[in-house]
Every structure is written in C-alpha cells, then in structure tokens.
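Once you scroll down, you'll see the structures, which are given as structure tokens.
Next come two complexes built around subunit A: one with subunit B, the other with subunit C.
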Partner chain A sequence: MSRFLMPPPARNARRLALRLGPFSTRLAVRGLAANLLLASYLLLVVWLGLSLGSRPIPLATILAWLRLEQVNDTDSIILGSLRAPRLCLSMLSGAMLALSGALTQHVTRNGLADPGLIGVRSAAALLIVALILAWPQAPLALRPVVGLAGGLLAGLVVGLLARGASPLKFVMIGFGISWCLSSALVILLASADIRSLQRAMMWLAGSLEGADWPAVRLALVVFVPTAIACLGLARQAELLDLGAATASALGINQTRLHVACLAIAVLLVATSVSVAGGLGFVGLVAPHMARFLPRQGLAGRLICATLIGALLVMVADLAGNVAFAPIRLPVGISLAAIGAPVLILLLWLRRNRI
Partner chain B sequence: MTAMSSAGHSRERHALLLMLSVLAVLAILHIQQGARPIPATVMLDAVLSPDRDAFDHFVILSLRLPRASACIVGGAAFGAAGFLLQVAMRNRLAEPHVLGLNAGASLAVVLVTTYQPVVLPDILMPFAASLGAAGLFGLVLALSALGSGRFDPVRMVFFGIALSALASALVSAILILNEDTLEQLRFWLVGDAAGGGAAAVWSILPAVALGLVAGCLLMPQLATFSLGESISVALGASVHRTRIAALVVTALLCGSAVSLVGPIGFVGLMAPALWPRLHQRPSLGAFLLVAGSGAAILLAADILALGLLAPTELPTGALTGLAGAPVFIWLVARRLT
Partner chain C sequence: MTSRSADPPTRSRLTAEALSVGHGGQAVVQDIELDIFEGCMTALLGPNGSGKSTLLAGFARLLPALGGSVRLDGSDLATFPTRHVARVLGLLPQQPPVPEGLSVFDLVARGRFPHQGFFSQWSRQDEAAVGEALALAALADLADRPVETLSGGQRQRAWIAMVLAQETPLLLLDEPTTFLDAAHQVAILDLLRDLVRRHRRTVVCVLHDLNMALQYADRLVFLKEGRIRHVLTHPSQCDGRIIEEVFEMPVVSLKHPQSGLPVFLPCASRQPEARP
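Entry: the complex of A and B
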C-alpha cells in the first residue's frame, strides 16, 4: 500500500536552479512543463466554455469582452451573467476539491482518502441544508462557516473510529458515516415544507445552475489564501515522505502540520459544497492523475492536481451542457459518469499496489 | 456432538418462533397505522369476509395490506440475499446495496421502463432487474479479483461503491432526459413500498419464491463454506459451482425486491447482524430466520416512515440507511482488532 501512497521523491528528474542574491529555488523542468501544458489546456477549456452554448460566440467577441470593450448587449449579458460565473465557479470548485484531496492523501498517506468521499462533504451538506431550511435569508458567507463546522466534526468522528485502521478500512468507515449522513439529509429534505425544500433541492442538485458572481467571490476569497498557505506548508509537508522519525529529526512539528493541513482540506471542501453542492470523484481522482505526469516536488504536485481538478469539473460541465443539447445535465452527474470510469481505470492500473 | 446439534436446533426453533411472532405484531401495527383509525375487529373482518362496499375494508384490502405485504416480501428477499451473499463470499460486509447489486437492478429497471426494447409483462420485470444486478455485480467481482486473483472483501466493497455511483449517475441522467419516466419512478427510486399495490406484489411473488426455495436448497452446500474453502473441498463440496449458484440466486432475490420496493439498502446487512454467531453455522433455519428478520426490519422501517412525521411520509430507504450505516461501521471497526 505504501508505494501506492507515496511516490518516491524525484531523484532523477532534471532540475533547474534559480538564484537571485541570497534566495534560490530548484525547479523540476519536466514537471514545470507539464504544469504549463495543463494551464494551457485550462485556457483552451475556458475558451470553449465561453463560446459554446445555444448561442455560439466567436473568439473575437470574447477577447473584446475580456478587454472590457464594447460588444453587443446580448453577448455581453450571456458572457457576463451566465457563462463566465458558471465557468469560474466550476473551475474554482474543482480546484478546491482537488487541492483538498491531494493534501489529505499526502498527509494521511492514504491514496484513497478524499474528504469529499468520507463524510466530510455529506456533513457539510447536511448542516448547510439545515441552515437553508431554518434561515432562508442567511447570508451566503455563513454557509462555508457552518459547512466547516460540520465537516470538521465528521472528519474527527471518522478519524476517531478508524484509529490504526488500514487505508481501505479508513475509507470504508468514512463511507459508512457518509451513508448515515446522506440518509439524514434525505429525511430532513422530506420533512421540510415545500417552498424552502425547493431552495435546498436546487442547491443540492442544481449545483452550478445558480452560479453568480457573489458565489464566485466567496470561493475566490477562500481559495486564494488557502492555496498560498498550502504552497507554504508544502515545503514542510514534503519531509513527511522521509518517514515520521526523520521528519521530526529535521524539526517538523508533525501534529501541528497534520492539524493545519487537514483543517485547510476540510475548509476547502466545505466552501466548495456551499457554493456548488455535492461534486464527487474530483478529490479522489485528480491527485492520482497527477501522478502519471512527470515527477516533481510536493508543491508542484499540488499545483498539478489543482489544475487537473479544475479541468475535470469544467470539462464535465461542458460535456453535460453539450451532450444532450437543449437539456443540461447537472454537473454532478456528468462528473460521476467521467470520474467513476477514470477511478476504476486508475485502480486497475495500480491493482498490484493496493 | 448430537447433543450439541440438538441444542442448536432447539435454539434455532425458538429464534424462529420469536421472529415469527415479532413479524406478526409488526404486520398488525403496520396495517393499523394510517390517517383513518380502523379497529382490529374490522381488520379481521376485512381479511376473512371482504365486503367491497365497506370503506374500511377497501382501505385495508387495497391500500394497507398490499403495502404491508410488499414490505414483507421485499424485506425477506433483501435479508435472504444479504445472507446468501455473505455466506457465499465469506464476507460479513457483503450486502446488495454496498456491492452494487441494487444500483445495477435500478439501472436495468429504469432502462427497460424508459426505452422499452421489448414490452415486458410485469411478471418478467424482476428477472430483467436481476440481470442488471448480476451484470454490475459480475463487474465488481471481476475488478476486485484482478491482480490478486482472489476476492479481497474490502476491495470488493470499494469497487462496489464506485460502480454504484456510476450506475446511479446513469440512472439520474436517463431520468433527467426522460421526464415521463421520472414522474413514474421518482418515489420508487428512493425506496418506497407504497408504489405498486396488490398487482405488483403478486407479479413479484413467483420470482421471490423461486429465489427463496433455491436458497434453501443451496444452504446445506453453503454450510460447508464456513469451515474454510480447503475443508469444504475436502468434504466434497464443489465450491466454485455452489458459489456461482448462490450469487445467481442472490441476484434474482435482490432484483425482484428492487423492482418491488426500490433500491432499499442495508436490510441484508442488519438482518444477519441481529442474531449472533449466525455465520459460523449457516443452515436452513438460519436462512429462514434471516429472511424473516429482513421482513420484520423493513416493516418496522416502513412503520416509522409512515408514522414519524405523521402527515408527511418519509422515504423508507432513508430510514434503513440511517439505521444500517452504523451497523456497517460497526462491522468494519470490529474487524480492525
């Protein structure tokens, strides 16, 4: 199992050293190239997402709109209040889920751990739905806070129940918690009165349907600082690969590091749930897909997984919109239809290491 | 040895009697429950000498009795399917919902209802559902045996969950694309016993009966499994053939139950867990005991679903999930040590 969890550190990768006065950094050339390639794919998908739809919009118009020039009103409304927020939200929620998955998998050394899968997501969803039902006018910013509380609680319960368990059993216990919470969610929804129920259902299933700029702003406000914090922690967290004893000999306070990383992971999931509802598979699959790319340091791997997560959700949303043209599939469904086969393929490719 | 086994038999008989009386009490409670209070004497009357014009009789015969019998038939099938699966795979975590049989059966039902490749009479629907269940479960088995060549229990559960998610995504996609089917199947899909009425119960009964009888016939062969594969081979059991037969019967039971009451989970996990040490001595009595307990569990869940928030009906599947998921966690956590 451990080989499945921890890719050996990049030993043979060609590195590039950058020095500027007293500061220096080393970059894995091929890893950097892979990340740049992913970023360019991201731009391509952004273009596709903005231009495809029931009214195709040419690239020239999009570029003009991005430069804040005058474009015709219909296009400007379609881009500004429909496609762009949806695209941003899908990108951000995918990025958040993937980053949290990658971080959790690294810190718990469990290649199957994904906070979205083991009950954190269901707990966040349960509390957020309860909030929507109990206080429909609650400000949007309260949702991630409530979700965070629920997610942390679920994470603690899973952690306590699964102390000393093998990675797979840890995930099983998480599944159990998740089933329990989603049954509670169904009961809560069934017992609610109709009007508030519709609001909650829309958020639960519609996910990206109600995308607007306040949600994007909220996601951005959480994502940017946590992503920076992750990259800052990556330098220390990378040393965990050397084993617990070596890491503490090198001066790593492991408890603090674990708590910080897992809290960040739960916060990311809670935020993603509160803006986009439940999206599965991203946090589990994206970090594993990142391992098929050239090896690089933990920071590079985190960035890589984040980019892949954003790409996954955007492509899934695009596919859901285009596949059955007048009808839009909710992104959760197309994501499961893409993510589940990918997951099975990944597990099959690494079948001897589980 | 003889004394021991006779003690075991009498204990089994007591357990069976206990289970039957609980089942009867639950069935009466279930039928009595509802917006219109109906005295027990009228209830008895309705069953013994039905009068088409009396309103109370109508309520009992065409609303409450079909629902109660749907719960009993579906619960028995789910319980029996879970036990068969657990004994055949030698895995306490095996359960139709967890291993993807339910999802496969629902996918088959939704596909057949939506696209109608052939117009199936109602009596064949459980068999179509069973085919779906068997197909998805076969995939789960193949994937979990790949690489290692043996069935690792926990890996099987993991692949079961992943494939279930895929199947339910497909179901949702089909339902969103076809609104008529969505209207038709919306309540069935969250696990709801109210659906079909008496006709549905009758059309499902042959398939369930076939499955239960086949399960009973398989039980003596399966009993040797509990001793371990090598011993059971030494005792002359053909492990492979028996296992495949048991899995086919499981798929049949599970498919019929799903096409009657919808994909309700965890009944097959809870029913055997109620009785201690059942898996160490699987026998015909144990099989019947588990089937009866499954029926009782589903009846109890349905009573709660109807009565908990009285005018609002809760989906039965949510209640079994709420009760069954902790059992699953307990089973996993207990195996840690």
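Entry: the complex of A and C
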C-alpha cells in the first residue's frame, strides 16, 4: 500500500501527488487553496442570506433550524419556505450558468462564448413568456419543462446548422439564431395585454420571487449529475489546448467530446433560465474572474468558475433585497448593476494582457 | 560521424498499402506503398506541396485513408480503438500551438493521457515517464517555466518531451527542426537518433533540410506531386540525379569529410565574375 501523501517532488513543488491504492491524482496546491477559500466565502454568504432581511435571524437560531431542532414558528416559516429555497436557487442557478459558460468558452476556444449568447437562453425565455401570456393560470412547475424544451431545441438547431463548422462559425450561427428569437420575443410582448405583460417582464428581468423547493429539486437533479460529468470530461477537454492534431494523437474523439460538452452546457443554461429567469452576465463573467486566481487544471478551473457564479448571484440577490428594503429588486437587475462594473473593472485591470 | 546499425531492419511496424490520403475527399498523396521499419529513422523529403505532411497525417490516423490502407503491425489502422493507437503512435504536429500559462512539466505530463484513467490520474509510472522524458530532452532545469517564456528551440524540445512521455514505440514528427538555427536542429536530430539507437524507437519525420536528413536518417523517402519517387535504404545511395529530379534544381554533390555521406549544394546561379 502506498503512502497516502507523497512529498512533492522538488522540481515541481506547486503540484501535489496524491496516491491511494489504484487511485492517484495530482493537485495544484495554490489552485486548490483558492477554491477552498471561495467555498468558505460561499458558506459566509449562506449565513448572511439566511439571517438578513426584514426580520433578522440570529446565527444560533439558524444553526438550531439546520439541526432540525424546534425554533419558533415565524422563524421556521421564514427560513424554510422563503429564505432557504431562494438562497439554494440563487446558488444553483449561478453555479449552472457559470459552469456552462466556462465549459463553452473552453471548448469553443472563444472567451465570448456563452450558451446564453447562442440562442439557448432566448429560446427558453421565448417559450416561457409565450406560456405566461397564453395561459396566465398555468402552474409554475410547467415553466421549467417548457423552458428546457425550448433551450434544448435551440441548442439542437444551432448544433445541426453549425455541424463541422469552426468554433467561430458556431458562435456566429448562434448569434444569428439568438437575434431571431429575441425579435420574436419582442413581437410577442408587443402584442400582449398589459397585465400579463407585466408578469412576463418581471420574470424576464430574472427573479427569484417564485423560488420554492420543487424548483430547487429540479435544479439539483440537473446540476449534480452534469457537474460530475463535467469533471470527467475536463481531463479530455483540457487536451484541446494542445491543438486538434495533438489531442487526436493522444486519443481524444473530438466530435464526441464537443457534442457532449455543448449538450451539457445547453442543459445547464436551459434549466437555470427555467427556474430563475433571464440572468445575464454570470456565464460570461465568472470564467473570466476565475482567470485571476492561480492556474490549475481545467477541472479546478471549472469548479472555481462554478463557485464564483454561485457567489455572484447570491450576493446580487442579497444586495437587491437589502439595499432598498422594503423594495426588492429582481435579481437580474441587481446582478447587472453589480456585474457590469465588475466586468469593466476586470477588463481594465487586465488591459495589458488581452 | 555515425556508425549505422549493421543489422538489417527487423520488421515493418507501419505499412502503407496502395494508400491515398487527402482533405475533403480530394487525394493529396496517391498509390503510396511504403514500409516503416522498426528501429529506423525514416525521413520524408520532397518539395513544398509534395504531400509529406499529408502522408504523415495518414500514418497518424488524423486523416482517413481515401483508398488503400495503413497497416499497424499487420492489421488495418482504422480498426484499432483510439486509445490503443494513442499508446503506439506518438505525433508531433507541425508548429504546435503555445498553450497559455502551462508549465513545461504540465505540458509533458499531458503526454501521459493515454495511460491514465478517471481514477488513476497520476501513477508512479506517469511520474517516472515524465521525469525521463524531461531528462532525455535536457529540460529538467526548465520544468517549472511557462512554455511561452521558452525560446523556439526549447519549446520544440518541450513538445518532443511531451511526445516522449507518451512512451509510444513509434514517433511521427512533422518538421521538428523547421525555424530552428543549425545548432538547435542538430540538438533535436541528435536526440531523435539517440531515441532510435539507444531506445529502439521507430521515428518517421518530415524534414526540410536535405543535408541534415542525409546525415541523420537511416532511410530516405522522396515524394513529389503526391507520389513516392524514390525510397533509399541508405543515405549513401543518394546522388545528384535524384535531387535534381525531385527538387527541380541543379545541384553539385560533395562528400561530408567526416561521415563520408553525400551533401548537396545548389549550383551557383551565375558564373563568378572574373576579377580584374
């Protein structure tokens, strides 16, 4: 039996070899530390999200509630049916958007690629708005189903049209489809009556008002298996950095890899749009923010971007709830208000490197 | 300069049988019949556009055979699982990209992919193979340097080390010495010859520098307009007639004073002017 922890080889001190029986891996120490730091921030924001609001709840009560102990009814209802599902949903939707953005940007070799930009988000939004307008009494649970169908359909159409095309062409075709769908959405909104229009606009702005446990469950059911699949695919996908010829020579089936990665990305975005509305930016910005942290393997970078995305949406929702209380801003709006300056700041800081 | 191995080539590892390869259904090389013998360094030579790189891509299974077949140890290359091919055939493409922010060690470690799995991601064999590849390419001191900070010659050695870490018995290299100065070309070719002589690897490389190829290769394959024109089993068989036919330029031939192998120089285009 091998020793559990190998001492790092002197020449390559920034990586740590980890071996246990047939299992072995190599970890980028600094990248791992960065990810753990982000995860601890996440816990901090979870605490803030559960305790802040029109009725502040002390940490002791939250911990007691988490241990399923008896707490007073008001706190229990506020935590169990308002704050906790909302927090979970903001975390999951941010994580899904960021993971999908990071994966798409890597696979298409394009720092601007984001499934939201290639028509997936527009298609999901179009179908959900159509549902809201055509059948205002429709149960909320129907929205994710419809959104998912629309998103996957758009992803399929773009995939088929761009089959075998270069990454750039793929993104361009996606842009085209996306614009078509957006104009269809505007036509739909322009012809709607004023009351359902308001509901549709609220949803479009990205809102977590309707957050409940069924939505969280749906998001979890999609997120957990796809995230695991991403970590499996990451080992292959990182070889794409070495060029198509080398990746093939190392035994990668690139067509299959591209299809798998993009299908996962589309699924994640469509799910996120269905449960949380049109949240812009996260998929685009989170992977770029991850580049400021120490270099690590693709799996580590994906985890890093996912954590950043979750943090972004949680912080934006929290800020939207607290900043102008008792008025609550839809998370899409506070996200844009926070995300846009952050993006510009990052680009400015990196101005010499692009 | 060299003492070439006296024993005859043992067996053919890669064989092209009536092979045609090309892009988009259009054949670039046609009717190729060629054996790549084990423990030999085979050089593919020819003018620009003669199909050397395309033939190499066909051997590496990057391009499918449009006609005929490539046989690996007697079986059709197209029928092997991808992973098996990746453990037998290593490839250094022409002008590989410079991956951003990747250290030399990490680049070389990626050559281990065909030997790794979801659970076994960094075994002792992986570590040993990467260490050996770095040592062979004389890169041990540069292992932590980002690839983009290396000079052209070092970068090329880092890529070769990546292919070496793959531990394939066969190595296919597309112009490994182009854009390098003479000293760096010699360093790379010495390394390749060392692999063939001491480690029994089989090397196929596309080379541009005819004279370098003549000093280092065991077998020379001349291509022109997508077809094989000459296969020489020893560089001493090369003469001016072959060079003039393949490269369409008049040459003078000399003998290398040390190796005794032929060297070719282009004829002076004008008669030197008589000095007053």
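Please note the rule applied: the second predicted complex is superposed on the first by the 268 of 354 C-alpha atoms of A that agree within 3 Å, B and C clash if a C-alpha of one lies under 4 Å from a C-alpha of the other, contacts with A are read in each partner's own complex, and residues count from 1 in each chain.
Here, contacts are C-beta pairs under 8 Å (C-beta built on N, C-alpha and C of every residue); 3 or more make two chains touch, one makes a residue touch a chain.
Keep in mind it's a predicted model, so treat the numbers as computed, not measured.
Of the two partner chains placed by superposition, A:Gln254 touches none, neither subunit B nor subunit C. Contacts of A:Ile187 after superposition: subunit B is touched, whereas subunit C is not reached.
Once the two complexes are laid over each other on the shared chain, residue contacts for A:Ser76 go to neither subunit B nor subunit C.
In the superposed model, A:Gly280 lies in contact with subunit B only, and not with subunit C.
Looking at the shared chain after the overlay, A:Arg19 reaches subunit C, while subunit B stays out of its contact range. Within the superposed three-chain arrangement, the count of touched residues of subunit A is higher for B, of the candidates subunit B and subunit C. Look at A:Ser51: by the touch rule set out above, it reaches neither subunit B nor subunit C. The residues of subunit A shared by its contacts with subunit B and with subunit C come to none at all. Every residue of subunit A that touches subunit B in the complex is listed here, in rising order: 112, 161-162, 164-166, 168-169, 171-173, 175-177, 179-180, 182-184, 186-187, 190-191, 280-281, 324, 327, 329-330, 332-334, 336-337, 340-341, 343-344, 347-348, 351-352, 354.
On the subunit C side of its complex with subunit A, the touching residues are 57, 60-62, 82-83, 85-87, 89-91, 93, 96-97, 99-103, 105-107, 109-111, 113-114, 116, 118-124, 126-127, 140, 143-144, 162, 166.
Of all the residues in subunit A, the ones that touch subunit C in their complex are 2, 9, 11-15, 17-19, 22-26, 232, 235-236, 238-239, 241-243, 245-246, 248-253, 295. Residues of subunit B touching subunit A in their complex: 93, 143, 146-148, 154-155, 157-159, 161-163, 165-166, 168-170, 172-173, 176-177, 190, 265-266, 309, 312-315, 317-322, 324-326, 328-329, 332-333, 335-336.
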